[in-house]
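Quick heads-up: structures coming right below.
Next, two complexes with subunit A in common: one pairs it with subunit B, the other with subunit C.
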Partner chain A sequence: MAATKTLNQKKKMRNVNNTAYLMILPFVIVFLIFNVYPVLRTLQISFTNYKGYGDMDFAGISNYVRVFKDKYFWISLWNTIKIWVPNIILQLGLAFLLTIVFSDMKYRIKGLAVFRAVYYLPNIIASTSIAFLFQTLLDWRYGSINIALRQLGIVKGMPINWLGDAHIAPFVISVISAWQWFGNSFIMLMAGVQGINKDYFEAASIDGAGRWTTFAKITMPLLKPIMLYVSITSFIGGLQMFDMPFLMGTVNGNPYGSTQTMIMYLYKFGFATRPKQVGYASAIAYVIFFLILIVSVVQFKVMGQED
Partner chain B sequence: MGIGYKVKKTILYICLIILAITCMLPFILMLVNATRSGAEIAKSFTFIPGSHLKENWDIVFSYFNLFRGFWNSLKVAIPTTILNAYFSSLTAYALAVYKFKGQKVLFYTQVIFMMIPGQLGLIGFYNLVSALKLLDSYIPLIIPAIAAPGTVFFLRQYILSVLPMSLLEAGRIDGARELHMFHKIVMPIMLPGIATMAIGGFIGNWNAYLVPLVLLNSKDKFTLPVMISSLSASTDIAANNGAKYLAIAISIIPICIAFCFLSKYIISSISAGSVKE
Partner chain C sequence: MKMKKVMALVLAGMMTVSLAACGGKDTTPASDSSADNTNTETTTPADESNTGDDATADETPAAELSGNLTIWTLAVDLEDMGKKFAEENPGVTVDTTVIAPADYPTKVDAAIGGGDTSVDIIVGEPQMLQSMFEAGYFEDLNQAPYNAQDYADKIVDYVWEVGQDADGIQRAISYQITPAGFYYRRDIAQEVFGTDDPEEIGKLFADYDTIIETGKTLKEKGYRIFASDAETNYFSGDSAWVVDGKLNVSQSRYDYMDMVVALYQNDLTAYAAQWTAPWYQGMSGPVPILSADIMWGDWGENEEGVTNLNVWDAENFNANVGNYTDQEAEVFAYGLPAWGVLTMRDNVGETSGKWGVCSGPAYGFGGGTFIGISSLSENKELAWEFIKWATLNENTADWWIEFSQGDTVSLIPALEKHADDGNEIYGGQHLYSFWLEQAEGIDYSKVTQYDTAIGDAWGQACTAVKEGTKSKEEAVNEFYDSVAATYPDLIIER
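Right, the complex of A and B next:
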């Protein structure tokens, strides 16, 4: 690119570069209207007591003060974490195990393409359908799961109240989410392994490194950026959890508010309560955003420093 | 490579197969139960299909026309995917190939917005759409696809890695105009990258729930996920689990069929997304 150019060519390049403005114009207009403006508008609304209609009276930082004092907001954060942590352990753990199995040089497991497709299947289906499917399967009286457990003699007496018990329901949602997402994580980790230069493995085997040494010294460190990527995206996704708990436990996060996530709490004030408390919901949105930001930065720092 | 090796290998395969069955079992149960009556489902558990498919079908379709939900979802997802693919590649191309004032600002703003969770602007978005009198319309679901920071970012990286700049120089010497060059030379080269993004985008869109839920309120405009979520409002369907399973099955089957044909591309799109980081 840094070749010498005549004056004429430079002039021509400038004209050429002007067409770039034309090319980015649609993006910039729509971006400003539908991405930038709503985010700033939400910020503005968060400093008012707007109800979704009528005036927007300035309310200072009172909405933010309210978020920090609101016990139920922090419970919704705790619920989100309670659902997310078992989910991520199961999801990444399973994906990681599968990656080890399929990249093993000794056993050379076949059929990666087929297994991968089947493991990914639950991820492609809408969470709405998945939520209703499991709600029906797990119904404590008529659900096929409990009826199967009874027929097989595993559960005698009272059937398990999967979705009605505040101690069990959040965990059930974790497991379903993990079931839905492990295939996705597996594909990403596997892509990482396949992206590793084969020379590393050959060099290691010439040096007489065993399978576990190779795995610990070569595969693991080279997979780290992808692990970071998967865990951060999964965490950000986890904090935004909405569809599944919302459909299974309604906006109140039944049973007993145990599955009410942060976004459900935002939705409640922004769209469900009458009258709406849009100003408060906007403040909740910004608090959630800052929580996500802090956690992402910390996660970056922690995982980036291990080298 | 003795007997121990073979045994261990067999055990590994069995575990992998069990996991695969776990992934499919809920869907198999769904299909079986969709053909049984609510009473049968409540009484026993089986993998043998029943004979109540027709009744369940009638109950579902007397409440809502699921095919209308399909059609609505298509009406949103197809234009969204096309706009997203075309304008994202155009913007990505401009960012990758040209030098212009404000380029860095645009690039970094876009990267920042990639990290911002969608719900942050949800309230402001709803407020804007309502002020524009576009509630209960597909326009606010479709038009924002023109500006998709994540897709632009991915495609920009893609262009930088696959497009030889000398090709553009050659085109310019031949007197080709810039937009013409983009359409005739660049887009064909970018096609695999664009397809990757388009498939992922289509699925995301097809399954989207929160935004359509918030924006749409007339029943005949509901997209499939919103329609499915209104399922429990019907007492007839709620009273008969067979009908419920059937409704869910109808919502799932088309995407499963599409997956059978496209799984290779879908999976490569996820792989690409992770390696490009």
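Right, the complex of A and C next:
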């Protein structure tokens, strides 16, 4: 009797497990088709000279050797870093500053929801619209910003060539991207702050801790997990930067290739060059993948989160 | 725990890799912005009957045609043509999808490469056609029942050649020709050169050195020869970029570079970038210009007689111009293909009637929409009827000339018929005979599928030299490096 009961219980448990598998089946199918398959397919293509049509002739590791020898790929990596570093400093710096202000118990700023929505607005505007807006505002000859700067007497002589100067254009794109994304980082950081038990702040206040001490000793340490998340996602997003530099310039990263990011370089061979070089583009994708993987691991370790 | 983190990182990395996978034929593009740029329109038959006999192509009587035709195009023209075709053939419905040119090849790769049989008509521009032919997207039009070769003498030669694959098989035909010429202001020509005759003005653009001299003469009179220094692009080069698998940088490429640099550094243009608002503005009147010779300034000259103050030298400019101010000048000429007639029509404003068109330093052409049948179409007979109607039918050509208000068709009998038509925007000039003459000089063997990428790299080299960021030697070396990185299979001899 007892043995039968155990058998029934086991059967029931197995049924429950089967139901669970059934529930996750749609996700698994979609994941296999849209994530796993493209990833494996890319790996396969990266070892061929596939042009987007016709036969896939095996090319060994020649595409990978080409990536490592291709100085323009490494220039595009450097361009990505040049755009990403000021972008991340501005984006996270601004988000952090606003978090400090809005999380301060003494300021008790009202209308957080309104500010949050306003800061987030640039994030929901299409990148194409933002690019068009800034291209118009920043036009060398006829842009409102240069006209205003000259009328205010801040710029004399030749107008600033915001998008045509190889030294200025990457920084301009950094600023625009930071403006577009700081609201997103701010919301995540504020969510982290709001998750911290208020008792800690009250206790600190009673103990006479100042604004900076409260922030440094309570807010910062308890925000570390969310900061790690924000920095890792910003980092991955930064290395995958494509839309804004692409829309502000061309696939060649004008001026002088200074705004051509790694993903734009991948796009050039996968989509823009005739005949297409999909095999080479796939190899570039895998090199970027491993670069991101390596730096993310380092970032994990540096932030002391291994455990 | 560590394993979990590694997995998380691997999954995050997958996002990157997925992008490239989308280049494969079985997937759709990841960076798919074409939704914003894609417009689909369905045209149902009207009650009107066929309007006339076909003077050129053999045609099934229109009343017998029936079915639905699906067109994927990058030119809005085909939307209008689809409507007209449905109007003339009551049994036919036409679905036309207009896709932005930048997205078009990717869409076709994904659809036809992926086995989509629903599209009947596909198109291409010259620089994208060869790889589309190679991919097998276009039906062989030389085979029965099409027998396109029978119509070869009806279409302008270079257009016919562009529509052929590497084996000489006809796969696409265009309804238009796109030879390039200089559109110039007759009133300015009369004032500065004492004549506005296209033959005489053409001599002022006969070669690169003459263009510089013409620019200097115009500048002395307060005009600018071009709105931008890219106006001569359609006339650059006298040989193909790639010959027998080898990169070919002929002397004329260097001459072109020297001319672009001279135009820029001598302030001969209005510094308006092509296709921007001020560039269009120059068609209808004065545009603000930056000038080295600010009217009331005396900036001195160097040993070679060149003014010390030059707009491309920002440091020098800022150091000298305390009282910087904008000037205005009128633009003399634009270098555009035949479709520029339509661009000018929409932008000349008050200057309408004051324009003329003349030849440039070489025979060039730009763009053109070539129509073919998708090799996977299940509706090929109707698709062929549409192609014949759009490209080989004299009635259609007459209608299109009138409807488009000046587009230049490729059908020789129609061009001959309209040879004496005057265009009022151009002072009554007979443009169709002019364009036919220009088209007959075009050597299509100069065109290769590498042209866009190599041309862009050469353009970047020219920009670097003219703006002074690189010496000519450095810029040319950079050009060679760039081409070698993009096409490692090409033989490059520096």
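Keep in mind that, in the parts below, the second predicted complex is superposed on the first by the 288 of 307 C-alpha atoms of A that agree within 3 Å, B and C clash if a C-alpha of one lies under 4 Å from a C-alpha of the other, contacts with A are read in each partner's own complex, and residues count from 1 in each chain.
Quick note on the criterion: contacts are C-beta pairs under 8 Å (C-beta built on N, C-alpha and C of every residue); 3 or more make two chains touch, one makes a residue touch a chain.
The structure displayed is predicted, hence computed values, not measured ones.
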Subunit A as common anchor, with subunit B and subunit C clashing or fitting: clash
Partner chain in contact with A:Gly270 - subunit B first, subunit C second, else both or neither: both
Comparison of subunit B and subunit C by subunit A residues contacted: B
First, second, both or neither for A:Gln240, with subunit B first and subunit C second: both
Touching partner for A:Gly257 - first (subunit B), second (subunit C), both, neither: second
First, second, both or neither for A:Ile125, with subunit B first and subunit C second: first
First (subunit B), second (subunit C), both or neither touched by A:Ile206: neither
Contacts of A:Arg41 with subunit B and subunit C, given as first, second, both or neither: both
Clash-bearing segment of subunit B, relative to subunit C, as chosen among 115-123, 151-159, 187-195 or 259-267: 115-123
On subunit A, the residue positions that both subunit B and subunit C contact, one per complex: 34-35, 37-39, 41-43, 45, 126, 128, 139, 141-142, 236, 239-240, 242-243, 263, 266-267, 270-271, 278, 281-282, 285-286, 288-289, 292, 296
Residues of subunit C touching subunit A in the complex: 1-2, 5-6, 9-27, 29, 31, 33, 36, 105-106, 109, 113, 127-128, 130-131, 134-137, 271-272, 276-278, 288, 290, 311, 314, 317-322, 324, 449-450, 452-453, 456, 460, 463-464, 469, 481-482, 485-486, 488
Sites on subunit A touched by subunit C in the complex: 34-35, 37-39, 41-43, 45-46, 50-54, 66, 70-72, 126, 128, 139, 141-142, 150, 156-158, 161, 166, 232, 236, 239-240, 242-243, 252, 254-257, 263, 266-271, 273-276, 278, 281-282, 284-286, 288-290, 292-293, 296-297, 300, 306-307
Complex contact set, residues of subunit B against subunit A: 5, 8-9, 12-13, 16, 19-20, 22-24, 26-27, 29-30, 33, 38, 41-45, 87-88, 90-91, 93-95, 97-100, 103, 106, 109-110, 113, 115-128, 140, 143-144, 146-147, 149, 152, 165, 172, 178-179, 182, 203, 206-207, 209-210, 214, 224-226, 228-229, 231-232, 241, 244-245, 248, 251-252, 255-256, 259, 263-264, 266-267, 270-275, 277
Partner subunit B, residues of subunit A touching it in the complex: 1, 12, 16-24, 26-28, 30-31, 33-45, 94, 98, 101, 106-107, 109, 113, 115-122, 124-129, 132-134, 136-137, 139, 141-142, 144, 147-148, 151, 179, 183-184, 187-188, 190-192, 194-195, 225-226, 229-230, 236, 239-240, 242-243, 247, 263, 266-267, 270-271, 278, 281-282, 285-286, 288-289, 292, 296
